[in-house]
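Structures given as structure tokens follow.
In what comes next, subunit A is part of two complexes: it sits with subunit B in the first one and with subunit C in the second one.
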Partner chain A sequence: MKVLTLLIKKEIKIALRQRLIRIMAIIIVLLLSTALWAGYITYNQQQENVELAQEQRRIEWLHQIDKNPHTAAHYGTFVFKPKTLLSLFDFGLDTFTGTSKYLEAHYQHEFMFRPAQEYSSTIRFGQLSAALVFQLLIPLLVIFLSFNSFTSERENGTLRLLMSQHISYGTIATGKIAAILLILFSLLVPLFTVALIFSNNYINANVIQDLSFRILLLLVLYALYIVIFVSLSVWVSMLSKTGRNSLLILLSIWVFFAVIVPKTATGLGTQLTPLPSLKIFRNTIADDIKNGLEGDLSASERRKELEKTYLKKYQKDSLHQLPINFLGISLQAGEDYAAKVYDHHWQKLEQTIEKQNAISSWASFISPYIAIRNLSMALTSTDVNAYFHFHKHTEVYRRNLVKKMNMDLAKNSKNGEFFEYKANENLWKTIAPFAYTTTSVNRVIASYFIEIVAIFTWIILLLFAIYSYSKKIKASYV
Partner chain B sequence: MLQAIDLTKKYGDFTAVKSLNLSINPGQIFCLLGANGAGKSTTINLFLNFIGATKGKALVGNMDVKSNPQKTKGLISYIPENLMLYKSLTGLENLSFFCGLSRSPLNKDELEHILLKSGLQPDFINKRVHSYSKGMRQKVGIALARARNSKILLLDEPTSGLDPKASNEFSELLLEMKEKGVTILMATHDLFRAKDTGTHIGIMKEGQLLEKFDTGSVSFMDLESLYLKHMKN
Partner chain C sequence: MFSVFKIIIKNEWLHFIRNKFQIGLLVGVLILGVAAVFNGILLVNSQKETIAEISKIESKEFQGYEDAFKNEITNQEQKRHYTNATNPAFAWHRHTYNAIFPIHDYASLSIGQLDLNPFYFRLTGMSLYYQIFENDIANPLKLFVGNFDLSFIIIYLFPLLIITFTYSLYAQEKEQGILPMLKLQTLGVDRIVISQWAFYFILITGLALGVTLLGLLCSGNILKADNQYPVFIWLVGVFMYCSFWFGVMLLIIGLKMSSAFNAIMSLGIWLVLLIVIPAVLNIWVTIQYPIDNTPLAAISRRNSMDNENDPNEAHQIIQDFFRQDPRYYRPKDSVSNNLAAKAYAGLTSLQDIHNTLHVTTYRHQVRQRDLWTKKMNWISPAINIQELFNQVGHTDVSSYQHFQQSIKIFHDQITAFYFKKLFWDKKIQQSDYKNRPVFRLVEGKTLRFYALMDLGKIVGAFFLFATIGWLLLKRKNT
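Entry: the complex of A and B
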């Protein structure tokens, strides 16, 4: 242990005396601070906007003039995906999916006001977030810290002297890995510790479930991700004859991990399991509602059937004799059927996206960057599953709102009445304010199990490669 | 202390060391003479277990280096032709690091004292090694051997490229270590240094040890004649 400590101290001392490493570390810290600061400003602005907009919409809903309930359902409301504290670390898909949604009767609107719409094509390269720094730039720092961990010893001739000591090659490798990790963790740990302390007292912490545990998991997973790059760099340095070769190989691997594999996985996913266009998706739903889904009756037939059912139920001959407003019942039945059709197609859409995501998940075994990217978005609740979860939540809220409006129309007005009947504030109040909490962390872990396994597999394979090579080291490499 | 028993190293058809039998006891300085490619450095590499023997055994302190690589390395100090230290560390930091690795922890004052005793100028002790000359680095190597209190010293052309004064200082340090009972094996081209410093001399050619004798049994002129005779044949 003492020998290992000595090796670590020596490596740290040498690394800190290298100007290139110092400059890179300063750049990374500056980028990280800028990213966090930008994230904090964005978070605060969006949080303020969301809170203000949510409050205004609530006031508008409660103080809308007396009107027909179904019209009120069309008047609708906006709901907003609350920004979570963690989204200041990883913006995830929020930039592309948007966080606001207009809810009204009959229609499932898409998310609106996507920040990506306001950016130029540079958005393709991602936004500068702390997650981006950790996922792409810190691996670069790792490469510059460790590409010559063994080659410099070999090229300078110090490896011979080192190997002539009472010390094994495996111990030297362990010392090098541990030293680089210590340097990097001195950047990583304070950041997460501050976040952890901050999260415990933060007012908005209730939006995201298991916040402290999520931060802890992020810390562990990012630490493991860094272990992968450090081990990989040290291993390549062990195998390379010169530092130049080692650096070239590692930079090529970085490009492969960060650009080629993600692009290929996305392309493959789109090719193998293509998504319908929004227009086709909407039109198919509209057709199925009109003509009936998979052998169901058409809209006009369903309405006739519904009439018959209600006339029979109340044993009446005409709709005017019913004690309820059949229009409300009919509107709600239409709403229920539209929901059924929408759920059917949405489920298919989700299945397609799940298949695409599965390709991305398995690609984690080819690129650890994909694993950490997916896990980071999941834990910060900015991934596609969080989007689906929020979407479902808004849909439940929308359906409940519309149903209350339609049923009020059915129960409290006479058949044939529409604009004549007006509901008031008492009805509006029955709609609870929109509230949203993310999924539990257990669900996140279950959804991204492949990525977690991939990260551990990478570490095990790389450590095995390093230590098996240490035992077989040849004299020509000393 | 150092023993080679039928020690052979082959690289394909090429035999780098052929059936070497050698025994060096404590307090002896055995100088291996020979031209480039004679097998001197390969012999040292075999004792260090940097390479494995094709046949035979290399024993350090009666232990086979192959089956006890770590234990045998614990007994050895090695100074190559061009001792390379960590350039961004000072001489003192290098010495402290390597002593620590060999479980010979000494405090800063003790290490400074050893460096001074090994001939390193006081001004350079706390300077980074990138400003050191080759002779200075070799002195740090000697300081390391002293600090570690090594029982065995393996030297591969240690005075090659050193100026006469530095070579002389180096020889004096070796003699001092010999007096302390250190077993020394030195590969060299330098006949004068071998005659002046060694207790025993061996002449190697094409992997074979052709001659082995006490230094006292030959004059420098005889040694030179003998060496040239073997090299010409």
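Entry: the complex of A and C
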């Protein structure tokens, strides 16, 4: 243990003496600070805009003039995607998912205004965020810290010296890994500790659930990522004859992990399972509503059935004798069927996107960067699932709004009436203001099983590789 | 002298073909390049297929209207068709047109913003802003990762190839102890190194140009008049971009440091130019030019009169509309026919007129961001060349803004076509369909001068770095 402590101290001293490492560390800290500062500013700007817009739309809904409730459902309202507090750390997909959505009767609109549309082509190079620093730049610092951890000892002849003092190869490797981890954790832990303290005491983050737990998991996630890169770098250094070779191999691996695999995996996923365009998607839905899904009746047949059911229910001969306005019932039945058709097609669409992204998920076994990127986005609620979840939430809100309006029309007016009946603020008030909270962290973790397995597989394989190589070397020295 | 050069090049060739790692890298990049070309083509083809399908749906719809004139009306369905085809009170908001962005042959080589923005819009005579903000279906993860196209291979991977092949020139000779022997040669070490550098310049730039030419040939006819300028820009751009990186490498080699230093330095520059600068610029532009799109959401609402049965309100709206747009003016007593339809048409047009300022302001803000980024392009040749490739393939922000301007003009043509009939109480005749509006993209300003300026910046940087590098190599040897 004493030897290990000495080794760790020695490694830390050597690392801190290197000018390149010091410069790189300073640059990374500066970039990290800038990213967090900029993330905070943009989070505040966007959150303020969203809150104000949501409030305005709410006032507009409540203060609309008296009108037929179905017309009110047609005018509808708007919802805006709130920013999650953790998005200031990882912007994730927020720049590429729309920010607002129009909710009205009969139609499920797509999101409007992807922030990325407001930038020049440069946006496709990426945005500076703390997550980008952790995912792309810290691994480079790890590489520079460890590429010559063994090669320099070998080139200087100190490795043989250490081993002649009965220090095992495994102990040397452990000492080197521990020293580099200590240096990097000294960057990582304070940042997340401050974030944890703030999340517990000062910040009101009502959009995101389990904030502190998420921060803690992010800390664990990035710590594991660093462990992967440190182990990989030390292992490559063990195998390489010269520092130059080790550096070249590690830099090539970094490019492969961070640039080549993510692009090719996503490109492949998109080509294998293409998405339909909105127009075709909508036309298919419209056709299915008109003709009915397989085994269902057509729109005109459904309407006749509905008429029969209601006439039988109230034991009347004609719609005009009904004590309710059949138009409202019919409109709601149309909504319900349209919702069924939409869910059927949306589920298919969601499955296609999931299939596209599954290739990326499996690519986590080729590049740990992808696993970390996906999990980081998930924990900050800026991933695809957060987008789907928000979409579903808005759809539930829309359906509830439209149903209340249609049923009010049915209950409070007579057959043949439309413009004659007007609802007022009392009805508008029954629609609760739009509020959104992300899913729980447990559900998030469950959706990224492949990535979690990939991370642990990487760690186990790398530690095993270091262990078995150490044993082999020990044997050769004996 | 020439024979000595020949020997150096021959030796370098032998050195190259014996190095399996280098050959593997070249072949790997070549395969990725070809894959990227076809991936881009597949993506654009799928968009073209959608366009064909949409155009087919539109043609079928209008053919149906024309056929309604020929068929004898024997049932309700045919009567409905005839009404839709002839009565402007229905036709103005039921007839659907498509404004389709003409995809350039070479869009597939640099997809740019093409997948981010909708490339077609379904339009009727109703409010323009109700119809143009909704996004097409897309996988946000795919948008985030970006496209695997030829521009990615050229901009990201070729510099890495150049770095890998040249970082150890001179340094390796020094580290292997060959340098003193080289110094004995009459040719001088600087010329030997330049010859080696030139060998790799020809090899890698030749490969880049080869892949580019393949992409150009597979994506379109290079002799077509519209394609000649993009072909020129692509070939010259690729040549210049590779030259720039060779210039950078000559400068680094000229510093005569160790190969490890060269590798770290060159990869550091790659990282700064391709990841750090664009990421910082994106976050900077976000803070410098904040854009709030939430007010625009409200103007995309479907809307109608407060009381559709109130003739006074309808007349008031129509008169307001005539004041704003006198092209359709009719005296008050001659607008009673189809009053509700006229009022609704007037209302949606009035809303568009009132909201144009919001939209113009929003687009101006986007343009400002784009212009600022263009001004800052000189910092990174990667951004510079990406922007250039996007410009010539019409996948940049400016091209999209031209599309949006064209949509406004097209929508105006659509409303004019129907409003002249509606407000002047005329039926739509079969012959009118021959003159129905057709979407045309408004020609934008030619950006050739700016494109050449952009290329000039890269050429300037190449000459600067290459000259300094050559002088550094030369100076220390004398």
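Heads up, the rule we're going with is that the second predicted complex is superposed on the first by the 469 of 478 C-alpha atoms of A that agree within 3 Å, B and C clash if a C-alpha of one lies under 4 Å from a C-alpha of the other, contacts with A are read in each partner's own complex, and residues count from 1 in each chain.
The working rule: a residue touches a chain if its C-beta (ideal position, glycine included) is under 8 Å from a C-beta of that chain, and two chains touch if they have at least 3 such contacts.
Treat the numbers as computed from the prediction; the structure is a model and nothing was measured.
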| task | With the two complexes superposed on chain A, say which partner A:3 touches: subunit B (first), subunit C (second), both, or neither. | result | first
| said: In the overlaid three-chain picture, which partner chain does A:262 touch, first (subunit B) or second (subunit C), both, or neither? | reply: second
| message | Just to be sure I read the superposition right, which of the two partners does A:49 touch: subunit B = first, subunit C = second, or both, or neither? | response | second
| query | Who does A:104 touch here: subunit B (first), subunit C (second), both, or neither? | reply | second
| message | Under the stated touch criterion, which partner chain does A:460 make contact with: subunit B (first), subunit C (second), both, or neither? | response | neither
| field | Greater subunit A contact set [subunit C / subunit B] | value | C
| request: Using the superposition on chain A described above, determine whether A:17 touches subunit B (first), subunit C (second), both, or neither. | output: first
| Touching A:30 in the superposition: subunit B (first), subunit C (second), both, neither? | neither
| field | Common interface positions of subunit A, toward subunit B and toward subunit C | value | none
| Contact footprint of subunit C on subunit A as seen in their complex | 20, 31, 34-35, 38, 41-42, 45, 49-50, 52-53, 56-57, 60, 65, 67, 71, 74-76, 78, 80, 92-93, 95-100, 102, 104, 109-129, 132, 136-137, 140, 144, 148, 243-244, 247-248, 251-252, 255, 259-260, 262-264, 266-267, 269-271, 274-281, 283, 349, 353, 356-357, 360, 383-384, 387, 419
| request: Name, in rising order, each residue of subunit A that touches subunit B in their complex. | output: 2-3, 6-7, 10, 13-14, 17-18, 156-158, 160-168, 475, 478
| message | Help me check something: in the complex, which residues belonging to subunit C touch subunit A? | response | 32, 35-36, 39, 42-43, 46, 50, 53-54, 57, 112-113, 116-118, 120, 122, 133-148, 152, 156-157, 160, 164, 168, 175, 258-260, 263-264, 267, 271, 274-276, 278-287, 290-298, 300-304, 306-309, 365-366, 369-370, 373-374, 382-383, 386-387, 390, 395-397
| Contact set on subunit B toward subunit A in their complex | 45, 48, 50-51, 70-71, 73-74, 76-78, 80, 82-89, 93, 97-98, 100-103, 154
